[in-house]
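Presented sequentially are two complexes of chain A, the first with chain B as partner and the second with chain C.
Moving on, here comes the complex of A and B:
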């Protein structure tokens, strides 16, 4: 019985998420719905970044850049043809013929981000530690500059807008389930164990026959795929994309979720994403009624400092907690 | 553990209590301004202007036989996501109109949500002339469009300053500055000016010596230079051009409407600068003097920049439309806003007579000579 506990946890998660999406889609107002969707997108981002930063120990800051790639690709593929003359007057003709429904466009966006991650990985993954962080930071800037200057396709600093609002709680919860499931499967497979080995001691892992470069590339590419998907969902929720949104600040916010949740713990990332997204919104009434703006951010920063002092490995460390796993540890 | 839960429950409870309850009588207007982040230096004065307008209207007995206005302000955090969320939040609280934003990149994610519900949104500071077309019939602009301000200063440089050869510098990092240059060049070519040099810089640049060297070596020599920038670079470029010994006139748009072009270079060097802006600075119309007086009395400082009166005007414009419609229903309000004719706002008269629904509004041409601002002329667009 105990062996099957994670499977039950997964089933409970799927059922409760489905029921939850159905209830909330029919009962809540647009504001609540949007918060729920952002929470879901943050879960996808945090869990996928955990794969790269948590399991494999790569310190990548590049998540927003992959989001931007996925977001722009999805947006351009789904952009309504009748709006193109007004919003994108200089759009190249040959690109006009590419038009896809939301789901395939999301997949293409995710694959695009993964492909970019592959290219970036070839050069960047030869670096370690701080150097990798700096290189991926540079990558964010490269993507931002490219988006700012490719006026004809991206409309530069003003950004793309007028996107259809496809994203709803069903799409988001679907992708949350897929992300959590895949990352879970990876974590408890031989591949996941070699990732953890690379993180703990790369020389020992290498000596035992783990291919460092391909393991790292895999982690970066899968992380980037889900970041691309999250970018697509994000764009079609806000209905606008600007290069400025995908900044280092966003990268910091996602990393904070991973660090607070526990580097390597999927449950931790999910919980941290929920806590962070909701707390900031909870402080809004306080900000608005008393005019003390920015309180939510201060409280979150304080929370981060406290976690780092009293529980430096995050809420759950690398482990999955007992209420998900049962007593049995694989 | 139980103590913690009690504590959390208490905090949540106090939050719900902190949300004041309102009588059904108030007319709710939503305000979306970025009071945190880099837009806050522009958006905060706008919000304060709007709050002042609400206060004055309520002190004078409100609207529609004594119904009070209520401004619900949500922080857009200089962030598109927060802007969209904030718009949804305001809409769920039953506002009859929204105001806000000084940059189109924040109007574009939030205003379409108002459009979808048929609730009017009045932007107090975004000047992109295609905004009403992009969003729909619920969007109204308080300021003029970027095309008007560029055309105004282009006409002035050709007709009054006698400029025939012009150099153009553009801040290439913002949509606003790029659009300003685009429209200036368009009008310059129509008038028959030559663009002898085009150069670029980025927001945050501190050293312009490379651009100045190119400017000096340009032939034929430019008669004037158009600099498309926001306030920070406005002061720095003026200072460095004048320090290099060049005395050619510097012309620009409302990005130069700042004290920085005098305080950064100093009074002696702040010379021969001309810019087009909202009819507000150095203006003596009664609306302007009354606004400056009220604002100073309320906040203890003079209005920081032209965005303060723009925020004030956004609320005043809505109040005027409510009075004319004799109704606080969004649909009636939208129709009445669209019919606004000759509304005397602090930043000039507003009429929505164009097909593009960008207000037909006067543009001030202001000259700076030895650190003194003077209104040279008021440029009016051709319908």
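Moving on, here comes the complex of A and C:
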């Protein structure tokens, strides 16, 4: 049956990711493992940002801010109790009693990010196009300033380090599967079609009974939830969180993946995330050996500008390619 | 807190504001003519600062010539950016140009890091510029006076240029309606190029001033002034040159007074304050103070 091709693709992805995680966790060294985890986290980020930016056409740059919220919440919930007096001497008493294992902490982090997205959405979702982009960029800076100043909980610019290294390829693969599956289901549901309608022509969509605000809020909130999860995974992978790392540069990196992969194409985002993470990692030893810092970013930026000039909708556009979908498209 | 202290803060705010205004003018002109938020504009400030350093230290030119050379260099950079990247994208959705400008900004910053290293460099103007003058209870350096006066002269020149000359009329016509302007025989490409050149040149002069005022420059220095000048342009109404000037001064004064008049614990919230203002203005007053209601932004 041709129609079930996406289901087979999903099954193949789950099986191959499981096997891959098992093999790599047992065979590869820490450096390779870290790169694999970064790739997975970037896939989660790119696919979830695609939900906001690609499907709904809300050009949000605020993904790192949501990551920061999720990352800090997760980190504080799992922070080992015996290290607290040393790292966080002024930690508020009432927060001490909250301590969760990794998985529920991640979920709480994701929900926290989603809640922040809800609040942000109420205020900025009335803006359009690049004005929304600029407002969400301001939001990144506001979050950074708040994190820098709330030093009783976040240690300010020093950053929260000494986190447990919970993140491994199993966690990352699991979240990659969940993110891709949920975003896929959303894209091919009536909700997903509403999102695409809002992107293409909001007045027509509104006339046909699509609630613009709730569709946009939903896209922003779901995107932020996965960004929060990715933030938690990221923090527990590098075992440190600093406000400075959730910067516009990080936002830019995720945007590049979404734009190059195709605004609206899940397959495109996944492939672009893999290619870009690996490219950046390949440039890193080069940069360190030859002292040519910044080449990776220059190449990425150049590639982005070229794609925007010659193929503005990205490599796959809004389509999912035939090797995932089969011939018949829903 | 006496009146002298407040007067001093007002003077500081005016000086900061004149630099914001110079950068904001470029944002506004470019937005007005091609509806593009040129994110790379802040990095022209950085290029201007490094060009100043190069002209002073390696070529050893006298000061007014340095300023002219910096202006021309940055005009050139602006023209190249427009020609290579934004012209092929003309007519694409607005967000496309914005992402591209973000890419160019990252590229310029990293080219700076690659060729000049990320280490901050000291930047010093000749000694006489640092002399401190006193005027009643207010004190400032000669460089501050030069910054303020140069900014005012440039702004007046620009406003006259836009109002009186043929090029200025062409610019206003293109900003009004690009297709009709083309039908009237205006060379759109030249007009847009001239807009980018003038805007970038002014940003370059702002870079010279920024370096002279704060004494240190590095490849990432353009980021914050660029963003804040954009906020200034939004406050005044993007697309309006008098609006950009007004917005620049308002933002400069507001920022300095925020830090100067509130208790010191709040001063680290300065950037949050600026960008909070941006979001509030975008929501309640999307056309800014002097902007025209050209299209819906919110």
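Note that the second predicted complex is superposed on the first by the 320 of 330 C-alpha atoms of A that agree within 3 Å, B and C clash if a C-alpha of one lies under 4 Å from a C-alpha of the other, contacts with A are read in each partner's own complex, and residues count from 1 in each chain.
By our rule, a residue touches a chain if its C-beta (ideal position, glycine included) is under 8 Å from a C-beta of that chain, and two chains touch if they have at least 3 such contacts.
Please read these numbers as outputs of a predicted model, since none were measured by experiment.
Once chain A of one complex is fitted onto chain A of the other, the partner contacts of A:148 extend to both chain B and chain C. In the overlay built on the shared chain, the residue A:170 is in contact with neither chain B nor chain C. Once the two complexes are overlaid on the shared chain, A:161 sits against chain B while remaining clear of chain C.
Looking at the shared chain after the overlay, A:20 reaches neither chain B nor chain C. In the superposition on chain A, A:213 contacts neither chain B nor chain C.
In the superposed pair of complexes, A:294 makes contact with chain B and with chain C alike.
By the touch criterion defined above, A:30 lies against chain B but remains apart from chain C after alignment on the C-alpha atoms of chain A. Contacts of A:98 after superposition: neither chain B nor chain C is touched. The residues of chain A shared by its contacts with chain B and with chain C are 148-149, 293-294, 297. By the touch criterion given at the top, residues 12, 15-16, 18-20, 35-36, 72-75, 79-81, 84-85, 88-89, 91-92, 104-105, 108-109, 112-113, 128, 130, 133-134, 172-175, 178 of chain B touch chain A in their complex.
Within the complex formed with chain B, the chain A residues making contact are 29-35, 38, 86-87, 148-149, 155-159, 161-162, 234, 237-242, 244-245, 281-282, 284-290, 293-294, 297.
Chain contact summary for the complex, chain A toward chain C: residues 59, 123-124, 126-131, 133-135, 137-139, 141-142, 144-146, 148-149, 248-249, 252, 255-256, 259, 292-295, 297-298, 300-302, 304-305, 308-309, 312. Interface residues of chain C facing chain A in the complex, by the touch rule stated above, are 37, 85, 88-89, 92-96, 98-100, 102-104, 106-107, 109-111, 113-114, 118, 223, 227, 230-231, 234, 268-269, 271-272, 275-276, 278-279, 282-283, 286, 296-298.
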